[in-house]
Structures are given as structure tokens and as C-alpha cells.
Amino acid sequence: MDFDFIVKSIPLYVKAAEVTLELSFWGILLSLIIGFICSLVIYYKVKLLAQVVQIYIELSRNTPLLIQLFFLYYGFAKIGIKFEAYSCAIFGLAFLGGSYMAEAFRSGLEAVSKIQIETGLSVGLNRWQLMRYIILPQAFSVAIPAIGANAIFLLKETSVVSAIALADLMFVAKDLIGMYYKTTEALTMLVVAYLIILLPISLLLTFIERKVRHAGFGN
Amino acid sequence: MQDLGINVIFEGSNLLRLLIGLWVTMRIAIVAIAISVVFGIAFGIVMTVKNTFVQIVARLYLEAVRIIPILVWLFLFYFGLTKVLHIHLGAEVVSVIVFSLWGIAEMGDIVRGAITSLPAHQRASGRALGLTDLQIYRYIIIPQAVRRLIPAAINLATRMIKTTSLVVLIGVVEVLKVGQQIIEVSILKTPSASFWVYACIFALYFIICYPISLWSKKLELKWQNQ
Amino acid sequence: MSQKTQEKLLEIMNLKKQYDDVETLKDISLDVHKGEVVVVLGPSGCGKSTLLRCLNGLEEIQGGQIKLNGEVINADKTKWHLIRQKIGMVFQSYDLFPHMSIIENILLGPTKAQGRDKTEVLAQAEKLLTRVGLLDKKDAYPRQLSGGQKQRVAIVRALCMNPEIMLFDEVTASLDPEMVREVLDVMLELAKQGMTMVIVTHEMAFAKAVADRIVFIDEGQIAEIAKPQDFFNAPTTERAKRFLNIFKFNEESER
């Protein structure tokens, strides 16, 4: 192992990690928004829109991110819709993640029992108040583990964006291998970088999940 | 008449070439899924063994596979392993190895979950009937566990099929690569070739994965209501 | 026993309820006067719970009219969430909101739905909790309470809305036997204070003690309306006799 090389390449990896994290942040945030809206559309069985959302979810869940990105980035460019690689990556992540988050929220919403809803109605809440005070808080606590798992899944999926020429962690590692043949060093750094990002998040999620599952409300 | 971009798909043997390219990733997926099912079941049963050492090793393997992105694993095995061990493995072989390792870990966890989620009284009532441990497995645990795990296992299979699309990034010539070749050749004649080719690949993946996910959803519903 | 007036609070006229093709309620007409306690009895599946749910707009009805204070409340444009603020309902299952503390459970309706002042409601809630002996539990969460305690909180939660009428749907049916009494006592107390109530129950002794009138429903129809002493001592219909016999048998076999 060439430790000088590793030390010298640290700034490159830090910068690349920033790209990975930034893309993940926006991707996950948009996924949450899209997923939340889609789950409500399905929950309330909004006419027509519910079908559209269902089609989107199936398309998104049954195709690979890499193909979605290529289609978006290279395919759409040729018919006049051009994305920057950066926004394309975020858009692709959101397209993929939106359906996963929608499923997470939806299962949370469906877990709220009919009797809870009726009880909410019987204390005089209107539809909006029912959503705000009864359904959403209960649905969220059920959905949190799935939302967390999806967030990690999306963070890992960002490794694919190097394929559309974005300088993320994967890209830097590939670059260093290609240019200097420092395969072992580059790959070690790559793994270390992902571990530094993913280990704390994954541990935090395990902790939260355990809390939600075993304690529930009132402990 | 203006050249319709979609024709690029049906020109010459283009569609056939795409399908052959798709077969390359499918082959990887199918072999890896087969290996994952067999060894994953074994791994899952091993994970239920009440031995701290076995459990720690199994857990480490599972978490290691999970926490690092598959693409990174592909790189580690393709570029890293060859360099460290001084052996050369083809990209396709590496892909099968990586996807199998992933599949075994995930399948094992599904099997473990299906076994341990059975309420303890099921085992106890089996014993109360005078069944041996083997008979308890044969008649009580396996039939119930199978119903819990099959929908999840099918889900894993679609995830593996989708993720094998990554093998192009370590140089396997598969559907995406073939698509790029077709685009290069026809870009002058058909400027919108890349749109149609990528749309076609997108559709091909959907056509393969959608029925499988439908099937798993159906089984899940069917067994939930019983 | 209570200060019943001639003023009609709730009027049910020819109410019909259908599930698919099955008529659950065929033709129900009933008036409930202010301050009156009506106990609805009947074999399981006779439609008595459905009747209560219709009164609170939880079920759509296919025919007839429901009036509260002379106002029709089952019209298409009924703002049910406003009506429900005047009709308190307590269900069979302990249906407290699990993500809220006891006091939050109670305050939700009055502060959010009715938009009342929080300090005023809080004072009322604490007074009511004291009355049912649960003031010390106000910051606990539902899962820390027993079934009987939860049900008493559910009653307080409904009362805190200052309803004009209370509906009780088999509120003791899922309770352990030793907890039934504490809930029934709260209801008896309410009756004494002149609360208008419609109660569905299987507790015969309680029904006898609390009711001004017994309404006996069988197969979706009102078979008999009578004063409790008349109903229990000398039911006029065959069906009511058969129904009461079942309970007599139970009491005898328990001895």
C-alpha cells in the first residue's frame, strides 16, 4: 500500500463524498415529497390521479436506476429536453425513490385502524384535522423504519451516477485506478469513504427503529 | 415521410441484438438467483442456530454485504481481487460471484425472518403431539415459513435482476452496451436514436420485472387471507 | 329517575339502513327526550350498534330522518363534524389515541375541533378526571392504563365536548369483569346529573337501574318499548320473553 498516495488522494475523496452526500440529500428530500404526495393520492383514491400515480410507481419500481438515468440523460437530450448531469442525477434518484417512499408512507397510512378514524370523527374533527392530529402521527411512526431503509438504499444507489459523468466517490476511485493504477489504494479509500458515511446512519436507524418498535408511545 | 425514430429499434437485427444483450444480464441474474436460493436457505437456517460465534459471523457477513453498494462490491472483486490474488476473472464470472454473495446474504435473512417469526407455541404444540425435531421442521415450520418467505424471495429476485444492469460498468457487454453501439452506428441517420434505444431498454426491463412483482404481490395477498 | 322533560332532543323517523342487500335497520322510529336515558337491548346482530353509528353519521342511511333539536341532521350537506361536537360517543374498544397522553386525548376535540380556550378546557378536563378518579393519570399514555381506566377516559373525552347527548356502544363488552363496575358507576352518575343518553349494553342489571325506557330491537325493528320494570317483569312480546330467558338461564347457571 502506498500511504503517501492515500494521503494525497484524501482531498479528492472528501470532495467526491460531498457530491455523493449532496446528491443523496436532494434525492432523498425530493423522494420524500413525491412519496408523501403519491401516498395521499392513493390513500384518498383521487380519481384518475390515483391511476397515474400507480403507473408511475410500477414504472419506477420495476426498472433499474442506471437505465432510468441513461434514458433521462442521453435519451431525453436527443428529443430536446436537456438535463445537466447534476440535476439529472437528482431527478433520477427522486424518480426512483419517490415510489419507494410512497409505499412506505402508504403502508403507514393503511396501518391506522378504522376505529381510530371513527373515534377521531366522533370527537368532532373535520377531515383535515383528522389527517393532521390522528392519521399522520400514527402513520409516520409506523413508516419510519421503512423510510430510513429507503434513505440508505438511495444513498447507496447514488454510486450509479458516476455512469453519467458525475464526480462522486465511485467516479474518483475509477479515475485513480485508470490514471495511476493504484487499484488497492483507490478501492480501499472507496470502501472507507462509504463506511464513514453509511455506518453512522445505519447505526442511528437501527437505534431509532428499535425505539419505535419496542417502546411505542408512552415509554 | 420523415424518419420515425422508433424505427431504429426494428432496423436490421437491432432488436435481436438488444435481446441478446439483455440475455447476458439475465444469465448472470438467473445463475446468481439459483445459487442464492440454495445457499441462502442454508445460510438462513445457520443464522437461527443459537451459537453466539456463528451468529456474529453471519451477522457481520450480512451487514458487510448490505452496507457497501453493490457497484462498489463489483469494483472490489473485479479490480481489487484480481490484483491482490493475481488471478484474472472475467467480468461475467465476477458478476455472478458478487450477485451470489449478495443474494445468499439477503435470502438468508429472509429465511431467518420467516423461521423466527413463527410463534413459539407452534413448536411447543408440535412437541406436545410427540413429533421429533425433524418432523416439527417437516410438517410445521417449513410449510408455514415457506408462505412467509416466498413473496419476499421473489421480490429479492426482481431486485437482483434490476441490479444486474450495473455489470456494464465493469465491462460486461450487455444490453446497455449493445444499445450504445446501436446508437453510435445510427446517430447520423436517426438523431433521436438514443431516445428510442434507451426507451426500449427501459421497457424491456419493465416487461421482465413487472409480471414478477405482480406475481409476488398476488401470492402475498393470497397467503395473507388464509 | 332523572329529570326527564317533554322536550324532544333527538327524533328518529323511519330510519332505514342497508348493507348491500341486507336490511340491517328496517324502520326505526324513536324519540329521545332531554334528560332521558334510553337503553337499547337486543340479541347480537339485531342492529343496535348500527343504530348508534347512524346517529353519529358513521354510517350512511338509506331512508328516514334524524333530527337533533328539531334540525334535520342527515341531509347531504350536513357538516357532520359540527353535529358530532354535540353528540358524544364512546365505543366498545378502548379507542384512545395511542400517540397522545391522556390529557392530550381529552383536549384534542375541545381545542382543535371546537376551538375553545385551552386553559378553560384544561380546568374542565381536570375536574372531570377528578370525578372519575383518574387525575393522577393525566400525563400517562393510553398503553399504561387498564381497560376500565381507558374507558373512563374515553367517557371524559366525550363529556369534555359538552355534548347534548351521549351515545354508549357496548362500552363494557371488552372489559375484564372486575372493571365493568367502575365504568358503569360513571355512567350511573351521569344519568343522575341529567345527561341525555342512549346506551347499548348487555348488562341487564345495569339497564334496569339506569334506564328511563328500554327499547328492545330484534331483526332490525323495534319490537318493544317499555319502562324497565315492565320490560323485565312482564315483557309483552314473545321475542322479548325469549331474549330475557337466555339471561335468566345464564344467571341460574352461574349460581
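We call the chains A, B and C, going by the order they appear; numbering starts again at 1 in every chain.
Here is the rule we go by: a contact is a pair of C-beta atoms (placed from the backbone, for glycine too) under 8 Å apart; a residue touches a chain by one contact, two chains touch by 3 or more.
Given the structure is predicted, the values throughout are model-derived calculations rather than measurements.
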Of all the chains shown, whose C-alpha centre falls nearest the centre of every protein C-alpha atom combined?
A
Which chain pair is joined by more contacting C-beta pairs, A-B or A-C?
A-B
What is the chain whose Cα centre is as far as it gets from that of chain B?
C
Could you state the distance in Å from the CA-based centre of chain B to that of chain C?
56
Could you work out how far the Cα centre of chain A sits from that of chain C, in whole Å?
48
Find the geometric centre of each of chain A and chain B from their Cα atoms only, then give the gap between the two centres in Å, rounded to an integer.
20
Where chain B touches two or more other chains, by residue:
none
Which of the residues in chain A come into contact with chain B in the complex?
58-59, 61-64, 66-68, 70-71, 74-79, 156-157, 159-160, 162-163, 170, 173-174, 177, 183-184, 187, 190-191, 194-195, 198-199, 202
For chain C, which residues are in contact with chain A within the complex?
56-58, 80-82, 84-85, 87-89, 91, 93, 95, 97-101, 108-109, 112-114, 140-144, 157-158, 161
Which chain A residues qualify as touching chain C in the complex?
115-116, 118-127, 129, 133-134, 137-138, 141, 216-219
Residues of chain B defined as touching chain A within the complex:
5, 67-72, 75-76, 79-80, 83-84, 158, 162-163, 165-166, 168-169, 176, 183, 191-199, 201-202, 205-206, 209-210, 213
